[in-house]
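Here the structure is laid out as structure tokens; the discussion comes afterwards.
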Amino acid sequence: MSDMALPATPNQPRLSLAGHWVSQILLPVAFAAVVLGLWEGLVRWYQVPEVILPPPSVIGARIVSAWPFLLQHSLPTAIEATVGFLIAAAFGIVLSVVLVYSRWAYVALYPNVVFFQLIPKIALAPLFIVWLGIGSSSRLAFSVFIAFFPVVISTLTGLNSTPPDMLRLCKALTAKSWQVFLSVRFPYALPHIFSGLKVAVTFAIIGVIVGEFITAQAGLGYLVLFASSQAETPLILAAIAMLCVVGLVLYGIVAGAERLILKRYGH
Amino acid sequence: MSDMALPATPNQPRLSLAGHWVSQILLPVAFAAVVLGLWEGLVRWYQVPEVILPPPSVIGARIVSAWPFLLQHSLPTAIEATVGFLIAAAFGIVLSVVLVYSRWAYVALYPNVVFFQLIPKIALAPLFIVWLGIGSSSRLAFSVFIAFFPVVISTLTGLNSTPPDMLRLCKALTAKSWQVFLSVRFPYALPHIFSGLKVAVTFAIIGVIVGEFITAQAGLGYLVLFASSQAETPLILAAIAMLCVVGLVLYGIVAGAERLILKRYGH
Amino acid sequence: MISLRGVRKTYASPAGPVEAVAGVSFDIKEGEFVSILGPSGCGKSTLLMMLAGLEHASAGTIEVAGEPLTGPRRDAGLVFQDATLLPWLSARDNVLFPIKMMRLEREKYVARAEELLRSVGLGDFMDKRPRELSGGMRQRVALCRSLIHEPSIMLMDEPFSALDAITRDEMALVLLDLWARHRKTGVFITHSIREAVLLSDRVLVMTRRPAVVVADVAIPFARPRDESIQDTPEFNAIVAQLRGMIEHSIKAAA
Amino acid sequence: MISLRGVRKTYASPAGPVEAVAGVSFDIKEGEFVSILGPSGCGKSTLLMMLAGLEHASAGTIEVAGEPLTGPRRDAGLVFQDATLLPWLSARDNVLFPIKMMRLEREKYVARAEELLRSVGLGDFMDKRPRELSGGMRQRVALCRSLIHEPSIMLMDEPFSALDAITRDEMALVLLDLWARHRKTGVFITHSIREAVLLSDRVLVMTRRPAVVVADVAIPFARPRDESIQDTPEFNAIVAQLRGMIEHSIKAAA
Amino acid sequence: QTANIKLTLPWLAQGSTAYAYIAKEMGAFTRRGLNVEVSRGFGSVAAAQAVAQGQFDYAIVGAGPVILAAARGLPIVGTATVNYDMTMGIALREDSPIRTAKDLEGKKLGAVPTSAEFPFWPAFAQRAGINMAGITVVQMDNRVLERGLIDRQVDAITAIGSSSIPVMQAQRAAHRFIPYSSAGVNFYANVICTRPEVLAARKSQAEAVTEALLEAAALQLKEPERAIDMFIKQVPEIGITQGGRENARLSQGLMQWTMLAPEAMDHGLGYTDMAKWNAMTDLVMQYGAPNDARRPAPESLISNDFAGKIKLNASEWGTIRTNLAPFGAMLG
């Protein structure tokens, strides 16, 4: 272990010490490259069959050769995940607002929300198909179902984190409930809401993929399943790589929106 | 909307106002009871077939009649989830410690950890079976794989949240690295570590169940799938209910340990 | 004129009722600046909230100009320990925040807001966000905000406690100056005896919880005042007298 | 005796180098209590860290008893603004924490720890955890902790800034008393002019960043001192003089 | 005007059910004024349920699930049988020491519980005289079933031959197959079905759908290579996977091998032998159905009203038999 260093700010240890962006971007990329290189080398050396684990170069070649196809199947996945995320976000935020403004609803519902947050919801996926059929509605519903709870929990935390003195001030000024909500509570909650939304977007994708495994005729989850049925591991991994890209793009959009909005709202 | 109320502490809105534990326990339970009652009533009124959605009473009866059976299948799931969780926790904490004490490892690895945290790892589940076979080792590995990342991320946050002045004091006292770690950094990190562990335990269960969906000879995931093959929806729901119980028990154990240890460590 | 007669406040808490204020009676005259001194947790903030109409007294009456106070008073300006500015609004918009909340016409108040900011030395900072301002500057913005809707009374709950000692001294002078211009009735809660003496016409001393008023000391210095009075023997004599009273009341309670 | 000669400190930051301390030279004699006053962010903490051997000077030398300082000094006792106690240890164990970290034998120091705690009025609180103590009590524990290993120098970085005014005044007296008993060399950073004057043999005044020392004022009051000196004209005269110097240096820099 | 119709398959698009897509490609539906949307399925049992619940108008599923669904009281009815053997059986590695069904005793057997052959494993075991007590059944997902066999994680798997054999071939893993039919456990595959109310209300539409599918099945029999091309046009992902075309060809051939049955050869495509159906019902009632199930009368479940219109002549059947011989060999 190196000597104990003293971080400048508690939450960003020694990144500042590590110096420039070069090392902050180059080093992790280099590390990933080394891992891929090892993978390539070991697979080739031990002649691991392609069905078990193809080397990265084969996966790369498969991505290139199947590119238009991968792109075409990314679209439904991305769209459903986005719609699922948006619905979950809207519902989650609305429910939180209701809970924050209605004490009885809060006491009655909040523990149930936490309960659902804790249970392994993924086991319910097959039932969504039974209930809602095999169309995109069941995938959407499932994706909303699992993305919803993190939004509620973090929005509630956010809406409850307005400084009490600020609320006192508003009350003294005889502000209306909706004014306080729009001008104070909601903007104050934004950082929490966004941290919930970032979790929700990754959950929404997981929901869609699990749904696609079960029902879809298109989409990356379907492609993974289809390639599995043909035992075509390089295509499975190409589709999964694409899935990671879709996931990161959607996450990036939410994180970007967060940056913009939090800049505007000056936190 | 009720009138704007002023919470006493920002994060526990009006629970204090809502008064006694009676309302805090009774109300949510009553709400859940009302939902179940509605479910029962509607299903009976519209004569929804049992394969689609059995009423809670039928599920309850199924739980009773299949009790020894459910219990027997809960065991492997609970054991694998526990072992997976423990391995993920151990690995996660050890990796975090390495990252905190080695600046290069940190810069090289941390972004990759975050990347893995964001991607939909669930799509990789079948490959674990291909790689590690159909035994419990592949389910365990998958469960460790998805439970691992939240532990790393929150342990890192925790280990980096020691007050800098405390570290300065230790440095001035010429304390050894390991002393600082054991007496200061680690105990300070405990609240964060536990919040990571609580996420990890729910993820570990999800991992085992997804693994059981793919291959198993026992376990609640197996039971869900088996019941699906018989279109025995009451048994599916009974198994899922059992799954929730297992999930809550394991979560409760971690939360209980947290309570005990954080009491000891006075946060 | 504000009159408190036998005002009590008991909070319900999980551990049973907490008596925060136990029978307080005093008057505040129009245009008078009154400071309240007292140990931590003795009920000072509670008293201020009752004066603002934000908490109801459990017993006793509070009358403003002969009328009993029943709900929030719109004609009060509040200042808290943390400036509680909205981080996403400019200094100007923060000052205008009460106008928005009271649904008044913004245009009529913009000039006044800017005038107020200039008077506290923030003429060049009107478009800055709170995080671009120092702690003292933020608290100046909060002072301006409390005055924007021309309240008849300013209620200040330890407004300078979070500031460092030097800034705190500066802020006392800023407040002295603001008060000299606007002459609102003022109620000022503080832990600092010197600050209380420098600013006030009268200083009330409260005991530990449940609070009662144990001393009501008139401060005889002429207005306008400036910092120099702090170095006079009279000033230090009053400070010493008040310190004695506080220590006595703490010991008596223990 | 500690000698600083032309001490500078420049930090590397993403936005380029930040010069925190720009050429400081002064001496501190054995057993002397020196306060350092200066505006926020001027480099006071940096200077203290250099005195503790926790930061290296970018230029210039720091010598302790004629030896250049090269690494952390084990014979320094540190006190910070927040008490930085370990929340899970009792007051006694917190005081003994340095013993543990220095790998010394605990048994030899338990009696001393209890003695120290009693001397600051915490005889009945030795088994309490920090959260069961008030802010002032916590800071007393931190003071005891800084003395447990019999350091030759106490380095205090605004130890009372986070406390309310009344507690703060109390704490100054506690420190005065502790110092009278132990007579360590002391370096005390504060924003409060009165506190500095009450406690110190000498007060150094620093400018805005990059910091240089612009005044070095001896405080002539005899020891042992008590609070009563605060009400003397001499005391207030020195306070007024220092305030003038600080205001002057701030204006000169602006 | 054209009617919009939703049709579901039992599983992913495969050569064995390719005629649904081929019917689209050759215009057999549009010619009859039908606009059919073909969906992949997610298991026979689920597909039968989905059609009974009205999520689809028509489905192609095995006879077993049709009877099971009916036994559970779900509204379902068949219009024609396209293929005559589910090709249920036990797949083995070629080098496996297991030669006969009896040799399975004491071994590890992989199975997908949601797949159609799984419920009838006990029936096969009983009729083949296997003592099931010592056999470990490992539940597996479709995605890992064949892999598990090839990697020797299990000694044998219960499988649908037309699905599993192509997957093993694609991995160049030689196999052997013990069909359930060798012990007399035999189920019709690929029954075209719908709900009774649809059949009653839109009889001509049901007939048109059935005919279009059978027409495509006939083309598939006569021109297998062209049929694959047409299939890939409709389902491009078959073409994109490395072994996709070969997989489709194998799956198609294996399923067509089961059409060399007297029902189709003597009576025309789509014909159902009611006696065999009766026997299948018995099997389902004995092994597959839950306790509360009621035996559905064969006549209420299937008829030959729409079957037998498309016939091939003897020389055509001769050529087909020659072409399909290698597939027959694969099925043991």
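Letters A, B, C, D and E mark the chains as written, and numbering starts fresh at 1 in each.
In the analysis below, a contact is a pair of C-beta atoms (placed from the backbone, for glycine too) under 8 Å apart; a residue touches a chain by one contact, two chains touch by 3 or more.
Being a predicted model, the structure only gives us computed values, none of them experimental.
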Reaching chain E from chain D through chains that touch each other, fewest steps: 2
Distance-maximising chain from chain C - centres being C-alpha averages: E
Centre distance in Å when chain B and chain C are each reduced to the mean of their C-alpha atoms: 49
Interchain centroid distance [CA atoms averaged], chain C/chain E, Å: 84
Approximate Å spacing (C-alpha centroids) for the pair chain C, chain D: 33
Sequence positions of chain E contacting 2 or more other chains: 46, 49, 53, 143-144, 147
For chain A, residues that touch 2 or more chains besides their own: 6, 51, 130, 163, 168, 170-171, 180, 228
Overlap residues in chain D, where contacts from two or more other chains coincide: 54
Touching residues (chain side chain A, partner chain B) in the complex: 1-8, 10-15, 17-18, 23-24, 27-28, 30-32, 51-53, 100-104, 106-112, 115, 118-120, 122-124, 126-127, 130-131, 157, 160-164, 167-168, 170-171, 177, 180, 202, 205-206, 209-210, 220-221, 224, 228, 233, 236-237, 239-240, 243-244, 247-248, 251
Touching residues (chain side chain E, partner chain B) in the complex: 43, 45-46, 49, 53, 68-69, 72-74, 110, 113-115, 118-119, 136-141, 143-144, 147-148, 151, 153-154, 290
Footprint of chain C on chain A - complex, ascending: 163, 165-166, 168-176, 179-180, 183-184, 187, 264-267
Chain C to chain A touching residues, read off their complex: 49, 52-54, 72-74, 76, 78, 80-82, 84, 86-89, 97-98, 100-103, 129-131, 149
Contacting residues of chain B [partner chain E, same complex]: 49, 51-52, 126, 129-130, 133-135, 213-217, 222, 225-226, 228-232
